[in-house]
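Okay, handing you the structure first.
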Amino acid sequence: MTSIHVENLVKDFSVRKGIVRRKFRAVDNVSFDLLPGRTIALVGESGSGKSTIARILARLDSPTSGTIAATLDDGATVPNRLYRRHVQMVFQDPFASLNPFHSIEHHIARPLSIHRVTKGSAATASRVLEMLDRVNLEPPEEFAQRRPHELSGGQRQRVAIARALAPGAGVVIADEPVSMLDVSIRLGVLNLLGRLQREDNLAVLYITHDLATARHFSDEILVLYKGRVVERGPSDDVILDPHHDYTRLLALAAPDPEKLGKVVSSEAAPDRSTLDNTVCFNHFTGEWEESEARVPA
Amino acid sequence: MTDTLANIHVETDRRTVLSVRDISVVYEVDQPVEAVKHASFDLGEGEVLGLAGESGCGKTTLAYAINRLHRPPARISTGSVIFADRDAGDIDLLELGDEDMRSFRWSKLSMVFQGAMNALNPVISIRAQLEDVLTTHRPGLSRGERRQRAADALARVGVDPERLNAYPHEFSGGMRQRVMIAMAMILEPQVMIMDEPTTALDVVVQRDILREILRLRDELGFAVIFITHDLPLLLEVSDRIAVMLQGEIVELERADTLYRHAQHPYTRKLLGSFPSLSGSRGAFIRTGIDDPEEEL
Amino acid sequence: MTNLRQSTVREKADSTKQMALAIGSAKPPRRSALRMMLPTLTPWLVVGLVLIVGITLFGVLGPLFVMDPTTIRDIGLRGPSSEHILGTTQTGQDVFAQLAYATRGSLEIGLIVGVLATIFSALFGILGTYIGGFADETFSLISNVFLVIPGLPLVIVISGFVPPAARGLWTIAVVLAITSWAGAARVLRAQTLSIRSRDYVAASRVAGERAWRVIAVEILPNLLPVLASQFVFAVIAAILGEAGLSFLGLGASNSSTLGTMLFYAQNGFALPLGAWWWFVPPGLIIALFGMGLSLVNFSIDEIINPKLKNVRLHRKRARAVARRLRAGKDDR
């Protein structure tokens, strides 16, 4: 199976303010390992850099510095041209990630033929049906012929998952895969992803702003704030025993039915202005670490 | 369907300010669709009534119908909406003339939409937009008074009145949403309808704004109809909660009762859809049972 | 174990379907992707199509049946008669025959320019934009330069510069095409920018799709209505532009178009002499063809912007409901 090792990832964007171009660091010195069968959650608010990391891993953007290495079980590096076969992505908005012009079959068949997973159109067609069946779109024959606008949001996201897994990917990057779906459907889609992960021993990067699903769905959580990791560790430790003020702030903001009617009585929320993103609490070592700023080479 | 079921408590224990009875909205398309079916509820003074439901359940249609902002092909086919004014007594909103309705709308009953922060005019300053509401609805005010009230309204929602002359693009999304709330509150309405007012915002900002709304409710005593798909959030902010499914209110209960003793299977399902942050993992996630039944 | 799970899942799916049926959620009839791209048949569209098809047939088939338009007779400037349906010119040539050939000539120009201008605009508007960066800046600069060049004066200069002997149909067509694509390219650029940033384009890149396939298979189909509308517009502009050039005597040499007809009518003092049969028919054909194309364009607009369609449908439904309510009242 495939693993991904991310080291010291940095991404700068240049923003134009008037006529002056300024550099804006979206991702600063982020490192983690995605291993088969394990899920890492990247948690943070919008602008924290979590989606940028997803896009860099999916090779939609290139990093300013740092390395991303995909390796197989025997330690061999996945060659560049095979990278896309191994690393796939599920997008946030299921209404935007499927081309309204094409049938469901087209969406799943294309990755199969691009990577020559199946030979001949008959083999491809039967593989498409198999994939639809795996994501519980029944009956697959009928769904294959439909077009995106005839599907509900949850069904579309299932198609997107099938497309990601079609070429036999070992790593799936799920960028807020359920945040655009109705709440009653969310768990179904997450559970589907969980089941496929176990069946195929996938490495999953789960990107979300929802602490509750991050905790229950992932093994490890990285909390991002302004491009830097401010807290990392096993999911239960990070959520139940948050050390960094930003993690506490997020946890306080997450809706919790147990807090019935207590929204006003703001339990001494940490002050946003004093948040410091240069330190990171690592639950694995149980210590605070300085996250030094890297100057790109 | 409209029989008073055990889990639907239409009446409020406060003085009723808005009374919606048996209202139905039909979309007159090729095969007419009943988007809201015989919905009834009372809204008490200073009460927060949560309206929960998923996309397409008719919650927004209901909100629009109450305010008579629905557009053809939508049509109110049955029902009544009575507004019990603090000063003027009962007003039947569905019988009101168009001109009266217009003046009624913002001054007694105002609305904040989901994308409201993008509804601000980008080329007009915040002050001009706030004062515009006053010129229209309170023509008697002098310039100084208008200015003062606009500043007060901003201060109330936690925006520095110094920024009165700023333009919308100089504000962040959360700030703009606050400005919209200020605008909705500037005439001190008795009822505010908020349709997903914080959905487009970050969790932390969302929390701040909710807190602000509830504080203002205590201060000014208006009632709120709070519409969202986010049930845990509703449980925190609402006094009572109505759950809508396919155009029908299937459960209407006090928030704590609803949370602990939900009657309707759909309510229970909605409650079960949210993994608890601090509670145990529960059986529903990572068990490998994924259930396609939910996708109707 | 797996079988068991699957069968329960199937049962559930079935019950779901039954529930959906019971609720009565009428599924829309399946429509293919291309069918979705076609406009709805409205009365205006029908009128437009009839005009276009009629004039095109006249231009294509007409010349096969009429007499030689160049034959000079000694019955100059006669009004319509049974022998000459639309009368004769100053030199006794049959106007109807000329009209048939001229329509064919104008349609040829329109078609050639339409195709060329669409290709240019697609090249500059879509390709450059998709590649992005330097290519986009360059292509965008070129289209902006062409956009501000005043079209007709340039055409006049170029046409005047090329000696009449070398001024064939294609020369005129190319000149018209290169002055008319820039506006369309800008619209396409905006559309492509918006489509390029959609998730499904990113998704096909993640899937490993090659750039040309992303453009041809993922982006282009969604631009078809825009391209169609621009093609139609380019054809109208070309026919009018060519007519203008020919009227000024700068058209293609030894060609016969509606513009040249008007040019000769003007030179033959048709207007002062009251020979309406000489200048009204070509003018009318230009006007009607332009009108037909515009009507078709309105229908295409509805595909590009479905809101327009909804406005029309809602108006129709509101009328129907009002009628029904009125009928109900009358019954009482």
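Order as written gives the chain letters A, B and C; numbering starts at 1 within each chain.
To be clear about the criterion, contacts are C-beta pairs under 8 Å (C-beta built on N, C-alpha and C of every residue); 3 or more make two chains touch, one makes a residue touch a chain.
Bear in mind the structure is a predicted one, so any value in this text is a computation, not a measurement.
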Minimal step count in the chain contact network, subunit B to subunit C: 1
Between the pairs A-B and A-C, the one where more C-beta pairs touch: A-B
Whole-Å separation of chain centres (CA-atom averages), subunit B against subunit C: 47
Distance between chain centroids, defined by C-alpha means - subunit A, subunit B (Å): 33
Length of the line joining the C-alpha centres of subunit A and subunit C, rounded to whole Å: 45
Sequence positions of subunit C contacting 2 or more other chains: 9, 13
Set of subunit B residues in contact with two or more other chains: 291-292, 295-296
Residue numbers of subunit A (touch at least two other chains): 136, 138
In the complex with subunit C, residue positions of subunit A that touch it: 55, 58-60, 84-85, 88-89, 91-93, 96-103, 110-111, 114-115, 136, 138-139, 145-147, 150, 160, 163, 167
Complex interface listing, subunit B residues touching subunit A: 54-55, 202-204, 206-207, 210-211, 214-215, 218, 229-233, 235-237, 255-256, 259, 269-271, 273-279, 281-282, 284-292, 294-296
Touching residues (chain side subunit C, partner subunit A) in the complex: 9-10, 13, 27-28, 30, 33, 198-200, 202-209, 217-218, 221-222
For the subunit C and subunit B complex, residues of the former touching the latter: 9, 12-13, 15-16, 19-20, 23, 25-26, 314, 317-318, 320-321
Subunit C partner contacts - residues on subunit B that touch it in the complex: 28-29, 31, 71-73, 75, 246, 291-293, 295-296
